[in-house]
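As written, the chains take the letters A, B, C, D, E and F, and residue 1 is the first residue of each chain.
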Amino acid sequence: MTDSRFGMTELEDLPDDLRQRVGLIAEKSGFVPNIFRALGRRPAELRAFLDYHDALMECSDGLTKAERELVVVATSGANHCTYCVVAHGAILRIRTKDRLIADQVATNPWQADLDKRGRAIVDLALALARTPEHFGETDLANARAAGLSDDEIWDVGAITALFAASNRLAHLMALQPNAEFYTMGRQPRD
Amino acid sequence: MTDSRFGMTELEDLPDDLRQRVGLIAEKSGFVPNIFRALGRRPAELRAFLDYHDALMECSDGLTKAERELVVVATSGANHCTYCVVAHGAILRIRTKDRLIADQVATNPWQADLDKRGRAIVDLALALARTPEHFGETDLANARAAGLSDDEIWDVGAITALFAASNRLAHLMALQPNAEFYTMGRQPRD
Amino acid sequence: MTDSRFGMTELEDLPDDLRQRVGLIAEKSGFVPNIFRALGRRPAELRAFLDYHDALMECSDGLTKAERELVVVATSGANHCTYCVVAHGAILRIRTKDRLIADQVATNPWQADLDKRGRAIVDLALALARTPEHFGETDLANARAAGLSDDEIWDVGAITALFAASNRLAHLMALQPNAEFYTMGRQPRD
Amino acid sequence: MTDSRFGMTELEDLPDDLRQRVGLIAEKSGFVPNIFRALGRRPAELRAFLDYHDALMECSDGLTKAERELVVVATSGANHCTYCVVAHGAILRIRTKDRLIADQVATNPWQADLDKRGRAIVDLALALARTPEHFGETDLANARAAGLSDDEIWDVGAITALFAASNRLAHLMALQPNAEFYTMGRQPRD
Amino acid sequence: MTDSRFGMTELEDLPDDLRQRVGLIAEKSGFVPNIFRALGRRPAELRAFLDYHDALMECSDGLTKAERELVVVATSGANHCTYCVVAHGAILRIRTKDRLIADQVATNPWQADLDKRGRAIVDLALALARTPEHFGETDLANARAAGLSDDEIWDVGAITALFAASNRLAHLMALQPNAEFYTMGRQPRD
Amino acid sequence: MTDSRFGMTELEDLPDDLRQRVGLIAEKSGFVPNIFRALGRRPAELRAFLDYHDALMECSDGLTKAERELVVVATSGANHCTYCVVAHGAILRIRTKDRLIADQVATNPWQADLDKRGRAIVDLALALARTPEHFGETDLANARAAGLSDDEIWDVGAITALFAASNRLAHLMALQPNAEFYTMGRQPRD
């Protein structure tokens, strides 16, 4: 299997702004995450995707960055998305400094052992992830009872929505995670 | 019920670029679609959403604009999203000049009566909409057998992905369609 | 696509009693609803269907006629039945004098915005519509807590049951709604 | 638990025509099947139900009476309806002179061992029973390939529809089967 | 259809220890239950299966033997396993001296009429049977509220687990129940 | 969260035969896998479980040991069982010498990229794992078309059955994987 059903665009073949932007990510990670090479086939879509992603994930007002990744791993687990589970699982391990949490949340997001706030965040995300037509006041009330503000609720919902899209793009492409992601954040720290 | 659980931002309170951009849509429609007022609470997210939307929906290479709306109505019907079914149902009626198709596709996308190409487009979208983990080579082969090119397949998949997100945002907000959408495109033409 | 997979029986070809009975409906509506022409192939079944229908729908003891239509539209939406959603959606608009309610209830019956009594009626109907094996004392207790009497509960359940049948007949026949139904009750009133 | 949540009407309290009609059934069976006492609360509904039932079940053009019961037991099994599984299971045993078939079809209608025609009948019924929105041309083609005529297909579909209603009425009432049904047709014949 | 897709091993062809062990069961029942002849193809597996079965089912500390069979019939009903429903339904009738309970629990385990303790046992089993990923603290709390001890909860869970395996083995083999099971325990007692 | 809801039995508190048997496993692994300490509460059940496990997993007639682990990881992924996914994912990595396969198969067993034989094995397992009532001749025919013998089909089915049980035991106990399993087999080999 190739890394994506629709081919890959290499960094040097992206338009200037995207080459720079993805280049910075690559520099930080040490490799170009496959999602960017795969979406590179459509620069306007990649640009919008990056903007949406950054607006929601590169922010730490309210939800911490680790909590944002928790939403991604939980919903991607519920959606059985290999790319997002492996790639964002790595980021979640790094952000939480917890080597075990990603596999637990991705495998069984409904019952993974989390503190009260983490559980409320994941429950809210799961309520919207698979059968959004049932999402309602009860879900909001539970989130508020756990102390989530309206802005935090929006964030959980919007991240769930964005990765509903990402997961489907990855399934469409049969996108494979870079090998590096599988092991990132798994080593015990000194 | 209010029109959105998280409140509305009026056109005049949006940042300049968004006020202009949404203003143009409002001019053409005769009203500001509620989704833009609802997402206005988060300008960066609204901007990215509009960019992604335009990249996929304001294009007629390969898939026609009517076919793109067909994907939206079918997947929003499968996701039981009232806002998107009513708003994009209106656009579908206008784009196809068919007064009946939107209600048929939204109510039962799996069996609505469509020509072979339309059916292939909708089947592909539905395969990705609700249980994307099962999406695979068979779905692609069926689409290709109906004559869809790889770029058309990408479009169907990416629109399905974008509205997986939109539908969830609308469910999160309990977003109500503007009253105008319910009747647009229902009048017999001369 | 024809209007029904099994053909249509015209009014004049029905047995006398049915010709008269359906004729009265046609006079009132301005057209013969397709369901009667489709079921006309089997006069004894059409007769029993009309009797059952009238016993439950042409009655306003307890549940109002509008509330009865609400049950029909909600369960037909949950069953994705295009004929019943479009035809009874029209009647619901007329009975409630609400131009928007039918599309909302049909698209997402689980979360459509209804008053407490309307919500209780729809929740009871939905509990029986798709997974009737789980219907139990909790559903009854919720209905009673919202003030529904036992006769009203029976009505909601029996209408849900009758349209479980109707919806399946319509799916069996791929029955198409008359074009008139799509627009009935959508015009603003003076 | 009582035999029905909404009480029972005894034979002698039914209107004349129904008392006679149900009386004949009781004479033949040796007892009054509980469904008639339970529906007796609403004579007009009971009358329509009996008419619909007789039109479909007391007929042996095309489908034999045993095949009609096969449809009932299969769909009632899929709907987990205790009353219909036990009562019509008894009738199926008697009609087929097969002591084992009812438990097999009711417990696992999807895989019960049946001859080609029986399997086609049951598959058609199951396709319409639980997710009727997916019912389509493939289901019809399979039925025709097994030799079913259009009238036989109608019968299977209409019986499935009628028992979609019956099953829900029984779930609504928590209707209990008469004890006699459990053992009818289980004795080896000489 | 044969009794098992993978053939049967007759009692006399089993290894000594198994021949003796199964022989004792046959003596007591009057016939060799088909499951033992079917698993006989793999003596080591049959031995382990019997050991596991006896450890859980031939014990009456905490849960009575009748309650253990109740778990088997409820979960086998939910799993639509004909062999286990018919065979253990017979044992349940005998253990409870109730001729009706098995058909009720097997057909609709979610709503069968049981006393409070029986309902709690069945609810616990069902929570684990079909979507075990959702099993959690709420299920345990409900069981404890009904008075179940931790050892009883373990028993319900472990029996549900063992029959999750048995049901799948029976589905794999298309295993047929011995004719004797269908009628055992159905006769009124003097 | 503790490692198991029902407590742990330490190696030294097990009966002699089990202490020796589990001791050998611990020696080989470098630690006592939690499942054995958790099941230690019930020595007879642990003994039967080990026997069943060894009969199916410690064998390489037909299916290789790696293929047997493939079945475990695929079905445990479909059942969202964290303990089995993490523990047997580790063993699968070691047995296949493939550092990436376990996360791919566990996250999306339906679409993970496998060779034709691997795909046939996993498809067969999945057909039995979640809705075993639909398992039938088509599944067997597909397996045979991919070259699986009847003994290999039995193995796939029996391993799926055993882990249907294991997964439910782990869910019942909220069993946590030993930390060691998360990283085993992830290091690149020289």
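The definition used in the following text is that contacts are C-beta pairs under 8 Å (C-beta built on N, C-alpha and C of every residue); 3 or more make two chains touch, one makes a residue touch a chain.
This is a predicted model, so every value here is computed, not measured.
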**Touching chain A and also chain F, the following chains** = B, E
**Classification of the chain D:chain E interface as same or different, half of numbers criterion** = same
**Complete:** Taking each chain's mean CA coordinate, chain B and chain F are separated, in whole Å, by 43
**Request:** Provide the C-alpha centroid distance between chain A and chain D, rounded to the nearest whole angstrom.
**Result:** 50
**Fill in**
The positions of chain A in contact with two or more other chains are 80-81, 108, 110-111, 133, 135-136, 171, 174
**Complete:** Chain pairs satisfying touch are A-B, A-C, A-E, A-F, B-C, B-D, B-F, C-D, C-E, D-E, D-F, E-F
**Message:** Which residues of chain B touch chain A once you look at their complex with the stated criterion?
**Reply:** 5-6, 41-42, 44-45, 47-49, 51-52, 55-56, 79-81, 128-129, 132-133, 135-136, 140, 150, 153-154, 157-158, 160-162, 164-169, 171-172, 174
**Asked** Which residues of chain A touch chain E in the complex?
**Response** 108, 110-111
**Fill in**
Seen from chain C, its contact residues with chain E in the complex are 133-136
**Asked** Which part of chain D faces chain E closely enough to touch in the complex?
**Response** 1, 77, 80-82, 85-86, 99-100, 103-104, 106-108, 110-113, 171, 174, 176, 179, 182-183, 186-187
